[in-house]
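Both complexes below contain subunit A, partnered by subunit B and then by subunit C.
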Partner chain A sequence: MIKIKKSDFSTFITNLQKNYSVFAPVTDGKATAFKKIKSAEDINNKVLNTKRSPKEIFFPQSEVLFQYTEEGIKVPKREEKPFAIWGMRNCDTKSLLLLDKVFGEAHQMPKKDMYKDPYWKEKYDNCLVFNLACNKPLSTCFCNWFDGGPFNNTGSDIFVIENDENYIFEAVSDKGKKFLKEFKTAEQVSDKEIKKIEKLKETAESYLAEKEDISSLFSKTKEIWDETIWDEIAAKCINCGACAFVCPTCHCFDVSDEGKGKKGKRIRLWDSCMFAIFTKEASGHNPRSQSLQRVRQRVMHKYNYFMDNYDEHLCTGCGRCVVVCPVNLDIREVIKKIIRY
Partner chain B sequence: MKNTYIPFQMKVKKIYTESPDRTLKTFDLSYLNKEDKFDFLPGQFCEFSILGKGESPFGIASSPTEEDILKFTVNRTGSVTNEIHYLQEDDIVGIRGPLGNWYPVEKFKGQDVVIIGGGFAFTTLRSLLIYMLDNRDDYGKITVIYGARNPDLFIYKDEIKEWEKRDDLTLHLTIDNPVKGWDKLTGFVPTVTKEVSLDPTSWCVVCGPPIMIKYTLPVLTELGFPDEKIYTSLERRMKCGIGKCGRCNIGSKYVCIDGPVFSYEEIKKIPEAL
Partner chain C sequence: MIQNLRTEVKKLLKDKKVDIVLGWGKGSLPLSSTPVFIQKEEDADRLIFDETCRNNLTTYLTKDKRKLGKTYDKIGIIVKGCDARSIVLYAVEKQINKENVVIIGVPCNGILEKKKVLQKTENKEILESKIDGKNVHLKGRDFDLTIPLKDVLCDSCLTCRYPDAPVHDIFIGKPRKKVDIKDEFKNVIDFEKKSSQERWEYIKEEYSKCIRCYACRNVCPACYCNECFVDQNDPQWIGKTPEVTDSIIFHLIRNLHVAGRCVDCGACVSACPVDLDLRIMNKKVEKEIKERFDYTAGLDVNEKPAMASYCENEKQDFIMG
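Entry: the complex of A and B
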């Protein structure tokens, strides 16, 4: 573990920018989101959960798949520098691993390569992820339910702890080790500071709400598929889709053509299973025409279907959906209700 | 790495109008570049796109044994299918595929096979039928039940006439309600399936409108067909075709990559499949 003085942070970011396009939490008005920064001054290190999740760095809300003209199809060229993301929290770094299962890996069929998403891979595979520890988690955080934590570092390359006047760096992945090797001259962290970190971790964890045992969640969701509990849950939901748009793990998208004459582009845009037209076929047939079916789909996808396919829950407990839901439908309450049903 | 979102170009070689009301058309496409040619098996599908208008998934109606073309039959019903119907011969279209899984033709080898189809969903069943007829010695008895609302709505009418003449194929054609001049069967597909004395040791493939599949599968069970020998092809709204965009799932299965072909045994485990 090494440390960098906060007063040197600006230089650190400038150096990082030499080899990377750097993204970090940026506050614009009242909202904070991960954006490409010009300098360290843009960064807001105080915010815990950005309003929108950093998935948009790798999987933007709208993304051009290709442009077409009379001459043919052209895939837009990506900027050359790999991405470095500063200031992600554990709930978000973990979400990248989950999204990589969908976009990066492909589990079902032979000839796996054709099931890999090149737009995701070109951004994600070379990126460098800095995971900033949460010294004071929010009341909506429930990462501990899903084996995450304010001082966990799954899914990151370098773990960063803010301690008084320093940022303490610890390599997590091989990529992270390689990066930190270049900081040979940096000051090592003292034993006293290591003890302080332990203390910070304890304090941070004490802010979290009590951990819910979700070991029965997978089997329980399967058992109650046909039960009336879904009426209770769905009664409140207005199918606005806000939860899906702020979620760091929701990955559904629509594909649409925009063009005039022989020129145009095919783009993909975030979509949500909350919307009635999401599954509506041209014939008019709609397998999930009712709100109940759509609410059940979202909950089941998170806590059952994804587990079936990838052995993980598609949720990291970031709590963004709890914050934005206009009808206060708290996903934690839904989970508890299901487990206790 | 292959970018599966990028369609390759094919040329419209021939267009057939299948029904007098012009809602059903079949398109034979030929490859513009030889290197685009792909191997596939009956039951797989492609994303058919018209740049600027969008893309939609369709089952491949040609058999892998019909070289150099891909055949699609399209019902005019939405904005993309509307544009497809405006196509003229020699127009260029985009194709992505082959996507999805296929009917288990390897398992069918040396065995009797029953094909049950309804309406314009006979597309991948045509692929399967032609494939088996072109490798006729590999398969046992082939029986086909094909139903349509009225005689006009059968697709591949010229080929049906050829199939009727063959003595190595039993073909039962049925329409929903009696029509003057119709000398074949009358009645819904599930009812006809019950009446035509099928051998329940055969493999069975069912494809048609959702309502037909829903009522035909239990009839097959009643006749003694085991669930694992009954196959059907499901349809859901799709975009990416490679298991990412999230809309074609039925439970934890994605129709685009885990299907579209499922056995009745698998279907019984997925709620809301039918």
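Entry: the complex of A and C
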């Protein structure tokens, strides 16, 4: 483990910017989101969960796949420098692993040579992820239900702990090890400071609400597909896409062609299973025309279908949907209801 | 008040006057409430009514292809003044049969805007809260704060002229009667004073934050189309990207679609996950309708909708130039 003084943070970021396009939580007006920064001053290290999740760095809400003219097809140029993302929390770094199962490696799928999404891969393979420990988790955080935690580091390259004076760095991946090896200006962390980290971790964990044992969630979801529990769960949902659009793991998309005359572009856009049009077929038939069917789909995708395919729940317990839902449809209560059904 | 409300709801259910009652229950977060659907007498004890009862529940009467209306013959619904006006809107527009709805009015002293509260706490998380009629007491991990309630009420509530349900079957508690609001359109008048460039910049900046989640549309009682224009894709009317050029068309068309229909309940403002100023344009349209047609939406079930009726003495300067 090595450390830099907080007073050197700005220099650290400036140096990082020499080789990377740096993204970090930026508060712009009322909302905080991960944005490409100009300097360290833009960074808000205090915010726990950004309003919009960092998935948009890799999987933007709207992404031009290619443009076409009479001359042919052109794929837009990508960023030249690799990405470095500062200040991601464990719930978000973990979500990258989940999304990579879909877009990137397709680890668990039967066919290893399945389609890999080049737009995702180009960005994901060329990024360096700094996971900042959460010293003071929110009351809406439930990462501990999904084996995450304020001091966990799954899905990151470098784990960063903030104490009163310093940022302490620990390499997680090979990429992270390589980066820290070349990082000569940093000091080594003393044993005393390492002991203090344990204390920080304990305090952080004490802030989390009681852990729910979700080991039966998967098997329960298998049994309840046509039960009345869904009436109860879905009754108040108004079918907006707020939950899906702030979710770090929701990844459904729509492809739209915008053309005029002899030129145009094909765009990939976020979509949500909450919308009625999501499943509307060309014939006009809609297999999920009812709100209940759509709510069930979202819950089942998170806690059953994804588990079936990849052995993981498609949820990291970040709590963003809990905060933004206009009708307070709290996903933690949904999970509890399913488990106790 | 709350005991009377619960007793009344129990009575309605017991006497089979209604099959279901829509109301508010305690939410899972501080300063939050959540819609509850009461079918059993004993569940009526879950009902609450206070400054956190944000949702305009009438949206459920038309939501999901009017499922509630198809499932239940008689629906009871607890309403604030603005919510009751939405029911009037539905009756005027022939979306519901008012005979099938039992309107239960409750006295509203204004609803709390959580976004304003979070500005006061500088976005620090609220862990405990108490509202005592005049003040909101908040507790977080490292702060204790008391703020006057009026500083954190919804903008709509601060200019609300109809806090009591103008139409109701039952009223619980003491109505506030008419309140004296002198500057209902102050925000619009101030906005109108800006140059067109400044206004355009403001609207552009606000709407560029939109993530097209449609929470505003889906909580809106006036937005009940079976298929919204943004969802039509054959032909596709507007682009689906969150680019400002697309988002602005969505919002401006929605502003016009709710012209003479919006009751300024503020549900869209509170629902927006990215805190857009969704009110200014709706209020501007409301002011136009008021000035041109002397019409206020949601007050009289026998009135014809402003946009679907014609009077000879209407201002026609838009034609005459």
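As a convention for this text, the second predicted complex is superposed on the first by the 330 of 341 C-alpha atoms of A that agree within 3 Å, B and C clash if a C-alpha of one lies under 4 Å from a C-alpha of the other, contacts with A are read in each partner's own complex, and residues count from 1 in each chain.
Simple rule for what comes next: a residue touches a chain if its C-beta (ideal position, glycine included) is under 8 Å from a C-beta of that chain, and two chains touch if they have at least 3 such contacts.
Predicted model, so just to flag it, every value in this text is computed and none were measured.
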item	value
Contacts of A:Asp308 with subunit B and subunit C, given as first, second, both or neither	first
Touched partner set for A:Asp254, first subunit B, second subunit C, both or neither	both
Partner chain(s) touched by A:Val75 [first = subunit B, second = subunit C, both, neither]	first
Touched partner set for A:Asn328, first subunit B, second subunit C, both or neither	second
Touched partner set for A:Ser291, first subunit B, second subunit C, both or neither	second
Touched partner set for A:Gly241, first subunit B, second subunit C, both or neither	second
Which of subunit B and subunit C A:Ala31 touches, first, second, both or neither	second
Subunit B versus subunit C as contact partner of A:Glu41, first or second or both or neither	neither
Contacts of A:Met114 with subunit B and subunit C, given as first, second, both or neither	first
Common interface residues of subunit A - those touching subunit B in one complex and subunit C in the other	254, 256, 258
Interfacial residue positions of subunit A with respect to subunit B in the complex	65-66, 68, 72-73, 75, 102-103, 106, 108-109, 113-119, 121, 225-226, 251-262, 264, 266, 268, 271, 273, 278-283, 285, 287, 293, 297, 300-301, 304-306, 308-309
Residues of subunit C that touch subunit A when the two form their complex	27-29, 32-37, 55, 59-60, 63-65, 67, 115, 119, 123, 125, 127, 141, 209, 211-215, 217-219, 231, 233, 236, 239-243, 267, 270-271, 273-275
Interfacial residue positions of subunit A with respect to subunit C in the complex	29-31, 47, 51-52, 61-62, 136, 138-140, 207, 235-236, 238-242, 244-246, 254, 256, 258, 267, 269, 272, 275-277, 289-291, 322-324, 326-330, 332-333
Contact set on subunit B toward subunit A in their complex	1-7, 9, 51-56, 77-81, 101, 210, 235-237, 239-240, 242-247, 249-252, 254, 257-258, 271-272
